[in-house]
Every structure is written in C-alpha cells, then in structure tokens.
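First chain A sits with chain B, and in the next complex the same chain sits with chain C.
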Partner chain A sequence: MDSADTTYLSGIHEIRVDENSPLFEKTNMLFKEFPSDYRQIRYFTLLIVQSAPLEIKEINLLEQQISEIIKNAVKHGNKCVPEKKVRVWYEFDASHAHLIVQDEGEGFKDLETWNEFNRRRLEKLAAQDFEGLADYVSFRTESSDDNDGGNALFAALEYWNGGFVYNTRRNAVAMLKKYPQRHLGVTLEDRTG
Partner chain B sequence: MSIPSIEQILGSPLPVKLIVLLGMSAVFLYVRKRDAEGLTSGFFYLFALQAVRDTAYAFLPIPQVYLISDLFIFAALVYLIASTLGGRALVVGVSALNLAAVLLALADYALPFLPALPISPLGLVPALDSAVLAVFLAVRGRSQDRTLLNAGTLAAALGAAYAAVALFLGYGSDFLHEVAVPLFYFWPLGIAFYQLETHEGQLVRALEYYEGEVDSIYRLSIESGAAMRKTFSISDMLDGLTRVIVSETEADGGAVLLVDEFEDVVGFRSVQGRFPPPFKLPEDLPRKPERVEAFVRHAQFKLGETLFGEAAKTGKPLFVPLADGDERIQSNGPEDFLRVGSLMAVPLLVEDTVIGVVAVERLPGREPFSEGRFDHLKTLANFGALQISNFFSFQEARERSERERASNIAAEIQGLIVPKKLPEFPTAALGAFTAPAIGVSGDYFDVIQTRKDRVLLAVGDVAGKGVAAALVMVMVRSVLHLVANTDKDVATMLSWINRGITGKIEMDHYATLGLVDVNLATGEIEYANAGHQPLLIFRAEEDGIESVELKSIPIGVERGTGFVKRTLSLKSGDMLLMYTDGVVESMNAQGRQFGRKNLGTSLLRSRELSAREAALRIRADLANFAGEARQHDDQTVLVLKMKL
Partner chain C sequence: MELKIRKTGTNYIIDVNGEMDLYNSYKLKELVMKMLEKKVERFIINLENVDYIDSSGIGALIYICSTIKKQGYKLVITNIHGSVKKVIELTKLMGYFPIMNSIEEAILRMEE
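Let's turn to the complex of A and B:
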C-alpha cells in the first residue's frame, strides 16, 4: 500500500477523564436541551449544526459525528427516558467546532475497558494483523443491542482532534475539532538572514 | 618683455588655434543640444579653460603661462575622472602637487632659481598626473561604470601624450603650439562625444530590455487572464504561466511549485517541457522517462529540503549556469533524460511571503543561461507571484460570494413568503417582527384569514439553513394554505402537513410549527403544536402571564404522528404571543440567554400597548439584552391582542 494511513500511530488515542480540561469551559457557548427521544436525534443534530458557518467544508461529517454523540447520550446515558434531558453546549467558527454533551445517566462505566479494547485494536492495525483485527471491530457491552455499531467512538476519537474528554461523573463529554486553515505561502522569518 | 605686434600675432600659431576653436565651438553647440542630462559639461569647462589659456598666451607668450595653466588643466582632468570613480585621495594628492608646482613656477618666474635643464622639472608634473591617473584607472578595473572608465582612459592617454610633447619639446616649441595643442583641443570634445554616444547606446539597450520585459509580462497576463476567464482552475493558470516563462527564458522546460495551503511543504503544481529533476530521486524509482515524469509531477519537499525547499525557505534565487560538477544539482543517473544542463530557480514572493518557486532548465549541450536571463526570470517571477496571489484572492472572493448567494436566495424566499402586511380586524389586532440571522433563514410565520370571523396564526422554525431549509418552508406553507381553507381543526392540519412532508424526499426536513385558530367573534382559540415553543398569554384580568405547553414532536420525524389540540378563551385586553427559539435563546455578551421569563416580562410590560407596539417593545428589549453580541439564529414574534 502506497498511501497507508498512519494517523492511528501518532498522538494519544484514548478517551481521557479530566473535569478540569479547558474543553469544559462553557463561557459564551450556545446552549440547547432536548428530551431523550431517540426518534428526534437527527432533528436535534440539525438544530445544533445549523449554527456552523458555511466555511466548514465537511459539514456532513461534522453532523454525523455530533449525531453519534447525541445518540450515545440519549440511548446509553439517559436510556431513552423522555423526562431525562440531553444538554448541549456548542460553538462553531471556520477554524473549530467545540461541543459539550451532557446527559442525566450514570456515566460511561466501561470507559477503561473501552480504552483497553481500543489500544489492542490499534496494535493489531499497526501490526497489520487483519485477522486479529476482526475481534476488535465492534466494542460491545451487556447493554449493547443490534442497533449499536460499537465503533462510533473509534471514529469520534479520530475526528475530534482537539480532544475528547469526559468529566469525573462520565456523563458529560467535551470535544474539539480543529479545522486546518488555508494560508497562501510562508512568511520569511528574516529577509536578510 | 614686449607686447607682440599684429604681424607677430598673425604669424603665431594663434590663428590656427582660433580656427580650430571656432570649429570646436560649432561641435560644442551640437553636443550641448544632445546632452540633456549634463553628462559632458565637465569636459566643456576644460575645453573653455584651454581656449582662455591659448588666447592669453598669444598676447603674453611666456612659457610659464602655459605651464601654470596646464597644471590647473591636469588637476581638473584628474578631478573630472577620478572623483566619479571614488578616487578622492588621488584628487587631493594631485591638486596639492599641482598647486605646489604652480607656486614654484611663479617663484621661478619672479626670481629664476631652477636649473635650466633640457627637461623642465615642473614640466614633469602633468606627465606624472597622467601616469598616476592611468595607474588609478587600471586598479579600479572593471568593477566600475564601463563608459566612464573608457572615457577616462582615453582622456588620460591623450593627456599623457600631450604632457610628453610639452615635456620633451618645451613650452616654446612651435610643434607644440602648431600641432599638439590644436590636436589636444579635440580630446575634451572627443571624450564628451564618446560618453554621449555610449550613454545613448545604453539607453537604447535599456529601452529594448524593458520593452522585452513588458512584452513578457504582457504575455504572462494574457495567459493567466485566459485561465481565469475560461476554466477558473489554478492548474490551467499555472500551466499557462509556466509555458510563458519557459518560452521567455528560451528554456527547454520549467516548473512552478507552490507552498501547500495547509502544510509547510512546497510541491510541483505544473511541469512543462523537458525538466530533468535536479533533486535526488528515490533509489527504487525505475529510471524510465514516464515514471520519472510522473514522480516529479507529484513530488513535494519540506521547506529547506532540496534546492526548491531551500529557495522557498530562504526566499533567495538560485542560479546554476552549469549543472555539471555543481554540487547543488543532484545527479540521478547517466541517462540523457536525467541530465540537467543549466538551471535557474527563483522564489515566488509576494512582499515577504514565499508562495512558491519557479524553475527553468536548459538541457546539456545548449548554451547555459546568462546573467541577463536570470534577471529576466526574476522579473517574471515577481509578476507571476502577483498573478498567482491575485488568483487565490479571486477564488476566495468567489467562494464567499457563492456562499452568500445561497444564503441570500434562502433569505429572499423567506422574505417572499411571510406576510408583508398584517390584516386588521374590529375585535383583534396583530403585531409581528421577524429578524433573520445571516445565513440561517429558517423562521416562518403566517396569518391566514379563513372565514370572516376566523383567522389562523402560524409560527414555525425549519431546522437547517440555506436553500434546503427554504424549500421545506415553502412545502410547509403550501400544505398549510391548502388545508387552512377546509373545515379541519388545527391538530388535523398539523398531521396533514406532517404527512405531506415526512419521508417524501431524500433530505432532512424538520420543522416546528405552532397553529392557533382564533374565533374573532368569541375570543375562543384552538391551539395545536408540533414541537414548537410554548404559547404565552397575557391575561388582563389577572395581570399575569400564562404559559401553554403542548408537548409533541416536530414535523418530519414520523409520518404517523398524531397531534392534539387545546381550546382556550381570550378576553378583551388579553394578548397572545407566539415566537421562535431564536428569541428565547438569544444570548448576550455574558453568555446568558434571554429566556422565556424575560420574554414574559416584556409582554407584561406591554399590557397597555397595541399589538404592533408590543411586538416593537419585545424587539427593543431583545436588542437591549443582546447588546453587541452576534445574533446567531432567526428571531420571530407574532402578537395578537383581543378587543372584544
């Protein structure tokens, strides 16, 4: 393979727990809250994404990622109990997307198990052990059902390149996507040098 | 000493000298006319000095007059030539020496003390001046202005010849006065002439050069302009640019590399003609022309790596007249198609930003690039860089205007379908405002009079933005207007709209919609809701705000959704308020939302106002609350006030 994607080999690829992360700073973020209605997840996502500026090119990808996070909150966090709310703080501009999604559930208990699972998955990938990789395609717990792909968080961790952090109770997750900025040329540091 | 008679003067060399002087003056006037820049005036003063000397000598035929004036003339000659070439010390030395000689000559004339030698020691001084000047010119060598140097050398040689004649034959010699002096008259003029000619030649060459440059730049503009007009593709534009640069530098091939938009690498964007890579190819790349060409076409380098990365990093141009044996050029093999002959690479600079590198090559065996070509390439690169950066600016402007156009279309549709003028009724008054946020355009409101005593109020919010959202809004409105004129109740209307919209087309189309059917005769209202904000009612009797919430899901989620209605009654003075989430979620600079409570207060404070004034009051309160903060969503308010 000529153009092997090696991004999974770089950087720290695990879900962190850090309530003091600056990603949890909510000042000046827009806010919406939704009932935990599984049917309306796409609608809620659209309401959030509509405030993203048109400069963001891959808006569908962003929408898909946000939808997955809201789905997790509605389904795994609030167990689809309509009285339980999903709260979303969000903020977009041409260079970044920043979200905090909080549910009223018990928190992501299997976080460590997930990290360990993901670590093994990445090892298999790095070793190009594609047979072994077959066991690490989908992360499943007792509460998983047929609608759970078990792989949304793998993609999320790749996508949210500015961080993907849970609070201590693990019922809120803050994430940041940084968009590369176009620039024309490089500025000479020292013209005489 | 006696003053010479007319006969003596006529018999002296003076008439010859005067005739020559006359002729010279004619030439002098001619040269003067051509010399607009005053280049030659120094030599004219010398000419005049000589004329004065000879006229004086004719009346006072004393050798010392000649000697002393020659000492001045030679000092002036040295000054004229050496001062413009940076020989200040020489000028000072010669002037001092000549001045000393003048004083000695004067002293010797008054009280002769110098021995009468065959060669006068003071006559040596002009000869010495010429010799020193000649040495100076030889040392200054080639680094200086060629024309000035040539004129100077000529002057020094003629001066030396004259000084030699004066030295060996003495100032009383007839030969000196009849031959050497008249001949010597020629030299300042000759030199002035020479200098003028060369200068004009230079001007003509410079003019031709600039004409050539302007021509190249013109061709460059035409090529890149064509790419902008026709395809607006950067690769077409760069191809055109490279082609022009290759042909203007008479190269065999050339390439333009650009710094990446996101990363600090510089990569090939256009390769034209034959361009053997001057950088190291991977060892395992087959040395076949098509493979190498394909590799080069997509090659990119980190800043500072290879001669291209280096040029992009430092902003310094690179000139390799002969690649053979030059360590800056990497050899990739003995094959002909891999061998570089001559190379020039110039960074594309826009002020102090390097946007890329342009390079041209000639193959081995052809005459290498000259310094002149290198200068020419620099000019072309400067202009090319400007064209490229202009292109990107245009592209950005175009993208922006396309985005704006799309949202403007949406805003226009929205503007077209909301009512321009609100109807008036004897028993109820209406007020409304809608303020679209830039690029959103999802709010919708409507007032439909279905019967004489019935009016239907609608406020909705389509999720998403732009043209897609506007289309959904149009669909919602069409179905609403269709069913509004049937005898269906508001709940049924919502389910019809929901059925009409849901799952019909392959796109997300969600909308909230609140409907209120008002009986203008009785004040009775029927309210149904599809995921929209709760209704606020000002109750005049209680002087309080009542919030009416009917929970349900929005339009577009499920085809079979059933909606419920609720019947309420309005009394005289009561006010009904419908609004969108952009109103209650409006945020101020401190990050706080306006909220339903503030909205209720605003309505409460409008109790004495008309419906129209109440809507304006809410708008003002909202603006006051938000301050300088940006409006991020559409805001719509619809107020109805009963006056039974």
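Let's turn to the complex of A and C:
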C-alpha cells in the first residue's frame, strides 16, 4: 500500500434492508430455482452465468461473486436442506449484472452485527493498522464452520457497486453490478433510482 | 486442485494448481498444518497457476497466514494475478497478506 487510503470510509459501506428498492423489481428477469445441494453450488452458478454476454470481462469474478451469494442461500439460509429451494432472478447485459437470490431460511439475523464488524474493519484499514485488522478479517457467527471464510460479504459490498440490499425478512438479497461503458458520450440511466 | 511441494534452501515452496474454491481450499490448510508439525518454518505459497479463488480460499489463506505469524515463522504468497488478485483487492487484504511478485523476490524477502 502506497499511502493512507481514505476511500475505505467514503460512500455507503453498509448492507441495507430495503424491500422497496428498485433492485427488487423482477420484470423481464430470467428465473431459475435450485435444490439446496451444497455439492452443486458452482454448477448452479454456471447455469446462470452462461447467459452473461461476452462483453462482460472478468467473467471468473462475476461467477465467483454470484457463487458466494448462492452458497450463502444454500448453506446459511436453507441449511443445506435439499427440499428447500434457492430462487434466482437474473439479468445481464454489457452494462450491468442484476440478480435477486432468495432462500427459504430465517433470514440474515446478524446483519446489524455484520455492519458493525465491517465498520470496524474499515476503520482499521483506513488507519493502515494491519495488526488490528487481524481481528476483523473473518466474520464468525455461532453457525460458522471451518469452511466458512467469513469474508464473502466484504467483497460483495465492494463488487456490487449498484447496490446490495436485503428484503424485510432478510431471506432475499438484490444486487447490481454496473460495468463501465467505453466509447459512449451519453450518461447512462441510473438503475438504482 | 493439486498441491506440489518443492524445497530451495530452507524455503518450502507450495505450488497450487487449479481452483481454490469451497470444495477444496481446506486441502491447502491441512497441508500447511502438517508441514508445521514437521517443523517447516519458511513457506512460499505460489499461486501462479490459480485462476479462481472464492471466500473459502481467502479464508484458508487468512488461517494459514495468521497461524504461521503466531508461531513466528515466515510466509510469502507469490504470483497472484487476474481474478485472484481482484478478489484479494475487493476483500482489502493486499496489505494484510505478505505478497511478492515472484518466487525469486519471495526468497530474497525470506533472507531479510
């Protein structure tokens, strides 16, 4: 790191709950649903990502980010109960990736705790306190196990630059990634409203 | 994912080949723990042939990094690129992990 980076504390770095967010508008989105089979998370993700257009670069990164959300739904939401479904609405074009992922679980109860943990993490980063950061690299809950990295949502909040929002029950999350448009002299419509 | 170990001087290089995902990242963690039991003290984890990492992979690297640090031993991670680098950047761990561009630079760092 070259110098103190204050962008860590700028902008909205919180997971929000807002069922009325336009990101929950499902019109014209494609839809798939899957059983909560942990072994097939990456396969399910590929079934969705394959409809992304070639103009989207960094397709590995898009796949990884979607896979994390589906994993959360299968594992933390539906507790890997195969009968419980994960429902995914999705829409891709060259300018954006928009998804809604819903599970049948009890909802993300630790959302406020996560936001507080993340706020402290960002403070450590802004202060370049990498010793102190060691306590904030992995978010754990009572149900976390050794295979949970505890870091997926840190990256998600950065990656989904058009918003990352939960519904009131907190068992569905809507997200938007906006891709930079080159060679265009016009301002694109703000899809987040 | 395939793991290969080679030794140069007192440094042990682990070449990771393939994807560090939710299904196999634990293997790297287990390997490093076994090597620590066998008194290995200097680790270079080479990610040159890794094109995909997810939060489990990042979690494995965090676990490895903190365990080695606590024991006072040395670790360098090398050759991160593409989406692996992006994920580490998004997670803001570039300053947390001991990262060098190449194995040669990692070996020099070990001597410091």
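Here is the rule we use: the second predicted complex is superposed on the first by the 175 of 193 C-alpha atoms of A that agree within 3 Å, B and C clash if a C-alpha of one lies under 4 Å from a C-alpha of the other, contacts with A are read in each partner's own complex, and residues count from 1 in each chain.
What we mean here is this: a contact is a pair of C-beta atoms (placed from the backbone, for glycine too) under 8 Å apart; a residue touches a chain by one contact, two chains touch by 3 or more.
On a predicted model such as this, the values are computed, not experimentally measured, just so you know.
Undergrad: On the A-aligned overlay, A:Leu54 touches which partner chain: chain B = first, chain C = second, or both, or neither?
TA: First partner only, chain B.
Undergrad: Thinking of the overlay built on chain A, is A:Pro180 touched by chain B (first), by chain C (second), by both, or by neither?
TA: After superposition on chain A, A:Pro180 lies in contact with chain B alone.
Undergrad: Which partner chains sit in contact with A:Gln128 here, chain B, chain C, both or neither? Use first/second/both/neither.
TA: In the superposition, A:Gln128 touches chain C alone.
Undergrad: Of the partners chain B and chain C, which touch A:Arg42 in the superposed model: first, second, both, neither?
TA: In the superposition, A:Arg42 touches chain B and chain C alike.
Undergrad: Using the superposition on chain A described above, determine whether A:Ala155 touches chain B (first), chain C (second), both, or neither.
TA: second
Undergrad: Would you sort A:Glu104 into first (chain B), second (chain C), both or neither based on which partner it touches?
TA: It touches nothing on chain B or chain C.
Undergrad: If we overlay the two complexes on their shared chain A, which of chain B and chain C does A:Glu14 touch? Say first, second, both or neither.
TA: Neither partner.
Undergrad: Identify the residues of chain A that lie in both the chain B contact region and the chain C contact region.
TA: Correct list for chain A: 39, 42.
Undergrad: Spell out the part of chain B that touches chain A in their complex, as residue ranges.
TA: Touch list, chain B to chain A: 259, 261-262, 264, 303, 312-315, 348, 350, 352-356, 389, 392, 403, 406-407, 439-440, 442, 463-466, 469, 508, 510, 531, 553-554, 556-558, 581, 585, 587, 589, 591, 593, 632-633.
Undergrad: Applying the document's contact rule, which stretches of chain A touch chain B when the two form their complex?
TA: 26-32, 37, 39-40, 42-43, 46-47, 49-51, 53-55, 180-188, 191, 193
Undergrad: Quick check on the complex: what are the chain C residues that touch chain A?
TA: Contacts found on chain C: 21-23, 25-26, 29, 51-60, 62, 66, 69, 82-83, 86-87, 90-96.
Undergrad: Which residues of chain A touch chain C in their complex?
TA: Against chain C, chain A makes touches at 1, 8, 39, 41-42, 58, 60-61, 63-64, 67-68, 71, 121, 125, 128, 130, 133-134, 137-138, 146-152, 154-155, 158-159.
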